[in-house]
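Read from first to last, the chains carry the letters A, B, C, D, E and F; within each, the first residue is number 1.
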Amino acid sequence: MATPLPEATEKYFAICEEKLGLVPNVLKAYAFDIDKLNAFSAMYSDLMLGESGLSKLEREMIAVVVSSINRCWYCQVAHGAAVRELSGDPALGEAMVMNYRAAPLDARQRAMLDFAARLTEASHRVDEADRATLRDAGFSERDIWDIAAVVGFFNMTNRVASAVGMEPNPEYHGAAR
Amino acid sequence: MATPLPEATEKYFAICEEKLGLVPNVLKAYAFDIDKLNAFSAMYSDLMLGESGLSKLEREMIAVVVSSINRCWYCQVAHGAAVRELSGDPALGEAMVMNYRAAPLDARQRAMLDFAARLTEASHRVDEADRATLRDAGFSERDIWDIAAVVGFFNMTNRVASAVGMEPNPEYHGAAR
Amino acid sequence: MATPLPEATEKYFAICEEKLGLVPNVLKAYAFDIDKLNAFSAMYSDLMLGESGLSKLEREMIAVVVSSINRCWYCQVAHGAAVRELSGDPALGEAMVMNYRAAPLDARQRAMLDFAARLTEASHRVDEADRATLRDAGFSERDIWDIAAVVGFFNMTNRVASAVGMEPNPEYHGAAR
Amino acid sequence: MATPLPEATEKYFAICEEKLGLVPNVLKAYAFDIDKLNAFSAMYSDLMLGESGLSKLEREMIAVVVSSINRCWYCQVAHGAAVRELSGDPALGEAMVMNYRAAPLDARQRAMLDFAARLTEASHRVDEADRATLRDAGFSERDIWDIAAVVGFFNMTNRVASAVGMEPNPEYHGAAR
Amino acid sequence: MATPLPEATEKYFAICEEKLGLVPNVLKAYAFDIDKLNAFSAMYSDLMLGESGLSKLEREMIAVVVSSINRCWYCQVAHGAAVRELSGDPALGEAMVMNYRAAPLDARQRAMLDFAARLTEASHRVDEADRATLRDAGFSERDIWDIAAVVGFFNMTNRVASAVGMEPNPEYHGAAR
Amino acid sequence: MATPLPEATEKYFAICEEKLGLVPNVLKAYAFDIDKLNAFSAMYSDLMLGESGLSKLEREMIAVVVSSINRCWYCQVAHGAAVRELSGDPALGEAMVMNYRAAPLDARQRAMLDFAARLTEASHRVDEADRATLRDAGFSERDIWDIAAVVGFFNMTNRVASAVGMEPNPEYHGAAR
């Protein structure tokens, strides 16, 4: 992985450095193959930064709850920091990591995270009744798709990160405490 | 979702129709948003059809074992058919769905699927010892990445499909029996 | 097990051959002891073929759902074929194997299979409330006994088959697809 | 169930009364249908009282360990009493109910019960390695069959008893303490 | 542990001998350090013998249900005996060990034990709804604290006893049968 | 709980305030009854601050690993802060909360935490082999007792805290980051 990066990748990493102050290690891990990096980045950007009925904070909250159930070291550290930053509430970031049921959430966000937990722990039991609960909490069909897509995405990355022992950038630990 | 598809999507679906004889319902489900469809298709093509030390059949075997643990209706049907087609061995497709431990696999493929099962069921316990077992079975670091990436991908799609109640194309059931 | 079979057993196997086109391997496995074969066959015939408020198809559906939870290779293959044959609906057989919750069942059959799953997974939690749910779905006390007896029977045979590594007759794989 | 019993059943129950001092409630439960009672009794007698490389006490120990994992009220009470009677060791009966790992067993019996527990809890993971462990502990192929058959039988009866809320005869509680 | 006991410990053990007819082995296990013995005894006496809205029998019932879930040999034997003695009902003691759901409990005690089981098995899911269920069953806030404290205490002692392989005094087995 | 505190309690809380800068909410929760507060404090002080072959940091590491498995909001927050303070290593505190397997531990501490996890998750399976593993890692019998006692204690407090919805003092969140 010490081969020089393609120019496009270098540019992308430079933008990360500028915007985030670091290049997330997950991107460096994917950088050994430009196609894989591009596919990952495209899906990540669409899901976490694109248009959605879910706020960016809500998408990060889902990311951490999923990663907490799967006990993914990388994703809990990196996205726990994102929850703290986007919310300005360090205790909220800790609660997403430790037990989201302890956080003072409104009914809508609690329903969203209950669904995320159930879809992570027992997706084969999810059915129309679960979707109805989300609708009752105010979510549209498109919102349900977006929740499912974020839950799915982190169930993917949690496993890739754990499989290869990915380490989070140390800057995340102290960020936004 | 009854809006006319963008031209690029229509073209892509036409190619599917020609090559596979059908447009997989998962693609139709993603087609409501061209960015999401593209991100999904790019990642799928890279992982399942791109260069890898794993054969296409092996990647499909992993897909079905993961989907069987998560009991995803869509993915077991669609990728079970793929295993039957690529292997020419209908019983192998059934074994991946029912219990891969019953299949007459060589040591390499058994290690690959044991890792896939463990990474799906308990990713937080995966560590260096598990990677060492894969290396002993003949897998390179890159192969380990590829196994992890396929395991991750189907842990994602299983959840999206279950969350929205996705139905597989009926053509899969009888294919390659 | 290569000793010649007693005459009664030979006759029984000849009937199987005639009616089913094969002697199920489970019977051959029990044939080493005529008392065990008789006890097994008597119970099987009474439960699966005798008088009951449950149709034969319904009993086979229960058999496959139980065997799917226990991931019994033999029983999923053999009784999955029976569901396909009795129903004339290959997709129904696949759904019983993969995730019965994905099948388009009426409320009565869904309640029956939910009870079968619960009794298989957590029999110590089954109580009057579960029986009341079955009664509300239209089942009599005798029907409840019959459901329980079929669930119990396959929880037995699944374990015997897995313990000795029983292989299903290959004819089942392609039957009634 | 208040209909008069057929003569053969009456005779069978009279023998129970004479030999055991009671008619086990499980037999009364099956007595509503003479075919079901006969099938159950035949299998029970063959398994628990017939010729085997396992002693009757060992078969009862397996019965209680399985019933303890499934937390079956009827079977733990009735077969716990049997272990106390056959062993003359009340603490052994309690240990089979509470946690067989706490009993001072020899290596052979420990291997037998470890297999029984594994086959009850995760039959889909049982394979050749488990059978090899039993062989190393001194069990023949026929013994392995007998262990599996007893484990299977109680996984059946536990579920039938729990499904209908079967109550054990009160005489068992104080027997052989 | 063969060192002579401090005078205070000797006195305490003499009282045990007089009142209970034995010195519980758990106290002997803690006696290697007078501070640990005192801390354990003080908490035990307060919880199990002090003022509470729960009867002593109810506290012992909780103790056994918790110990049964954790399958603690020592605590099931010792506190199973206590339930038999305090209730004068040997079958109740057995039911707490084997499956409390099979005991003929009133709604209040059933709610109490359901909460104890849930708090033992999945404390992270306990929330206001669970407390409301207890209040509806007639428990005060202080009662809820006391249930939780007894559940907690036996989740502690079960683990200490299992960790060091603690053996119960043999006198318990036959007591109050 | 708004009644004035007894003088001894007030003194104890004043010492807490002086030494820790706060009175831990868990102590306030116990303060409604001086006997319960004393019993809790005595056991806590002995276990976490008394003489032991385990360092104070090691005991806090165990506390957090247990609390993480039980997902106890209060204890993860309070003792996570203690790990950060005693170690001067904020990432270590996060790893104990998120997944201790990701921390760069030496073999002795890894064995200690593996035992703590196993004793928390499946105490009924702990036996001589587990103790032998600890001895091989350099722990004495007394050390094993101390590990077990700390594991037990937090399995108790986790459940009490979760049962009543205990909130950690907010000062912990930002401490020693």
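Observations
The rule is simple: a contact is a pair of C-beta atoms (placed from the backbone, for glycine too) under 8 Å apart; a residue touches a chain by one contact, two chains touch by 3 or more.
Only a predicted model underlies this, so the values are computations on that prediction, with no experimental measurement involved.
Under the contact definition, subunit E and subunit F share the contacting chains A, D.
For this pair, subunit B with subunit C, the centres built from the Cα atoms lie 30 Å apart.
Between subunit D and subunit F, the centres computed from C-alpha atoms are 43 Å apart. With centres defined as mean CA coordinates, subunit D is found 22 Å away from subunit C. Within subunit B, contacts with two or more other chains are made by residues 71-72, 99, 124, 127. The set of touching chain pairs reads A-B, A-C, A-E, A-F, B-C, B-D, B-F, C-D, C-E, D-E, D-F, E-F, using the touch definition from the header. Residue ranges of subunit D in contact with subunit B, taken from their complex: 124-125, 127. On subunit F, the positions that touch subunit A within their shared complex are 68, 71-73, 76-77, 90-91, 94-95, 97-99, 102, 170, 173-174, 177.
Those residues of subunit E that touch subunit C in the shared complex are 99, 101. Those residues of subunit D whose C-beta lies close enough to touch subunit C in the complex are 32, 35-36, 38-40, 42-43, 46, 50, 70-72, 119-120, 123-124, 126-128, 131, 142, 144-145, 147-149, 151-153, 155-160, 162-165.
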